[in-house]
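Input: a single structure, listed below in structure tokens.
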Amino acid sequence: MHYDVEWRRRRQGLAGPAGREDLAGVSESTKRLAVVGISGSPSRTSKSRVLVEYALAQLAARGATTQLVDLAALPAEPLLGRGPSAAVAQAIEATTRAGIIVAGTPVYRATYSGLLKVFFDLLPQDSLIGRIGVPLVTGHGAAHSLSVDHGMRPLFASLGATVVAGGVYATSQQFADGKPGVELLAAVDRAVGEALALATAGLPGPIPRRD
Amino acid sequence: MHYDVEWRRRRQGLAGPAGREDLAGVSESTKRLAVVGISGSPSRTSKSRVLVEYALAQLAARGATTQLVDLAALPAEPLLGRGPSAAVAQAIEATTRAGIIVAGTPVYRATYSGLLKVFFDLLPQDSLIGRIGVPLVTGHGAAHSLSVDHGMRPLFASLGATVVAGGVYATSQQFADGKPGVELLAAVDRAVGEALALATAGLPGPIPRRD
Amino acid sequence: MHYDVEWRRRRQGLAGPAGREDLAGVSESTKRLAVVGISGSPSRTSKSRVLVEYALAQLAARGATTQLVDLAALPAEPLLGRGPSAAVAQAIEATTRAGIIVAGTPVYRATYSGLLKVFFDLLPQDSLIGRIGVPLVTGHGAAHSLSVDHGMRPLFASLGATVVAGGVYATSQQFADGKPGVELLAAVDRAVGEALALATAGLPGPIPRRD
Amino acid sequence: MHYDVEWRRRRQGLAGPAGREDLAGVSESTKRLAVVGISGSPSRTSKSRVLVEYALAQLAARGATTQLVDLAALPAEPLLGRGPSAAVAQAIEATTRAGIIVAGTPVYRATYSGLLKVFFDLLPQDSLIGRIGVPLVTGHGAAHSLSVDHGMRPLFASLGATVVAGGVYATSQQFADGKPGVELLAAVDRAVGEALALATAGLPGPIPRRD
């Protein structure tokens, strides 16, 4: 059965019993899981993007279908809502259809980047209900680690997403030659594991609108 | 090692070993699910407490074991960390053993009550990892509804809990004669449904400490 | 050295040297006070922009030099940091030289717009130390009024600005035919009054960097 | 003229011209300035309390009348709103009459202590309008430094206070043998200087209530 249809069926009755095959194991159920990784760094060689790519690779290895949305590569005018763009429309479509959204961002002004925010501003209201958000934030030092809790959590929550408890905050010291260290990778692994567990939990979907 | 098994192994000692029957269905698995409801209102006749009690009743009807921790009824000195108390110790124990923690609070100073905060201050570090948090907040008008996202979410996250996307914010207008209206009850139902789905998702437990 | 003189010495190079006549009275000292109003709405006919323009008019009437930076009218590529632009550079220059920065934004995703954030991301670190920030936020209903406190205050603070206590949150109901009502204007008047009082308080400037 | 009366007179007309003698110098005008320092640590030997006491000493040296409110020494029952207490009532009275409120707290659950919060919950609505708040927060490492911006700033703002831009966050590493290091003291000095400048700025007072 198509993933999206299955999702909706399960949403009925809020937390109704999921089908047998769904519970046979995570690797089984995630085979058709769609995951989008959003890189919110203006830089093409950003640390947060490296973490997003690593998370996507881990999720692909577990059977998920993954796609990277690199906001730095999308055209500026439509990102700011000034006219249409097929590429931006596709990125929005992919994000709102994904079961897991991994969002990477550097810390600017003690919170997520403006680039990430303009993209989230384009997503339709309630469009992440029933989806799982994974924040991956990078900063120079430890001082801005609460940006995960006061920036990324409310941002995901504003669209209805469930956010993994183990959102990741990484400092520059946790990278060597642009590569994340072992402990940092373990933190991302853990966030990915949480996301997989939550994505297969049969979360209720959006509240039906009255017409 | 298989992914799912590895998670469960790590979870041992926190939420107890999950078994086969754990996956047979929500109603089955929640039979042994422990739920604690915390009333963070100084008032014994508070609106937020009514919501907590309603949520507990819904969870009990689904088979969960429930307990209400009424902070207004606990002794003041030990709540402020000034000496021991069997009652407070039991409340802490129950909270850190529960799979779902429902926390109710009125809005004071645009966020959760100080009474709720002193209790959370007593909980051991990381003690809510793998647990599900359900915020139920009541305020006079709509102006403080973001207290769910900027107060309760970070508070639960600071102890490692996963928070339901649908945290509830209720205004006084949604109560009549001290009783919550239909829409408000539906919002709590929904949060309870989310919590049940998440609680049976097989979330990873605390990261093992190195010795 | 006398306390007051020491402050002024440190402030030199930021808000310019204050002179004796600076203390003769608010109306006098604000004659040379520079104010920038930033409109963070993507829409040219936005409610928040109307409030920013009103605030600028009030400050101009008190003798301040005012300038409106309409982010909707600035080119997209340089706003996202993709190459230089004389217009964006001038907007940055004006903002970092102003004594008062009035920032207007609609609520998107329960906080300030991404458009406003990309512009703040371009401002140099510590560039608003000693300056006064005035948040003017508009939302449909009252539910997001805490975006002033959890969005705008930390954003201004991240650059070192002092924020008026009376940041304004306006709902659509406070406008009729696109025009702000009397109570809303009074709230802006009040914020403007606070900003003027603070701007002439002789705040310390940036901490001198060690070389 | 009595300080409180002078304050109210100045508030009239929002930012009306202050009297000549008021501008003769900060040391002059602060002679009658009342300052309250609140220690929000449950521990009598806390680092944050040391910083509060230092700030009070600096302000006393500039001519202010200072008082320490040590919440750890106040009775628990009335702090939780369970019955009256002359000591707590006096602490509330002193706080709401002060021109500057210095609030010290350790970081618990990534934000201010519950002890500090229960005291702020007791303060009357709008009771800090026109007053200056100075946050002094201590944590083990740097990770929670944004608790100043997401915890203390909104807390002060909820009562109407203007908060110094330079709120202080101190780590354990900045103390040696319980004594704050030179750089940390300089940060407190700076916050104190800001508070003095703001306290003499002639901020508007509370909006008159309609009867």
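Letters are used for the chains, namely A, B, C and D, taken in the order the chains are written, and counting of residues starts over at 1 for each.
To be clear about the criterion, a contact is a pair of C-beta atoms (placed from the backbone, for glycine too) under 8 Å apart; a residue touches a chain by one contact, two chains touch by 3 or more.
Every value quoted in this text rests on a predicted model; they were computed, and no experiment measured them.
Note on connectivity: the fewest steps through touching chains from chain B to chain D is 1. Shared numbers divided by all numbers used gives the overlap of an interface; between chain A and chain D this overlap exceeds half, so the copies present the same residues.
The chain with its Cα centroid farthest from the Cα centroid of chain D is A.
Between the Cα centres of chain A and chain D there is a gap of 40 Å. The distance from the centre of chain A to the centre of chain B, each centre being the mean of the chain's C-alpha atoms, comes to 25 Å. Chain A and chain C have centres, each the mean of its CA atoms, that are 33 Å apart. Among all residues of chain A, those that touch two or more other chains are 110, 146, 149-150, 154, 157-158.
Of all the residues in chain A, the ones that touch chain B in their complex are 14-17, 23, 25-27, 62, 129, 146, 149-150, 153-154, 157-158, 160-167, 190, 193-194, 196-198, 200-204, 207.
Against chain D, the residues of chain B that register as touching in their complex are 42, 76-77, 79-82, 108-111, 113-121, 150, 154-155, 157-159.
Residues 110, 141-147, 149-150 of chain D are the ones that touch chain A when the two sit in their complex.
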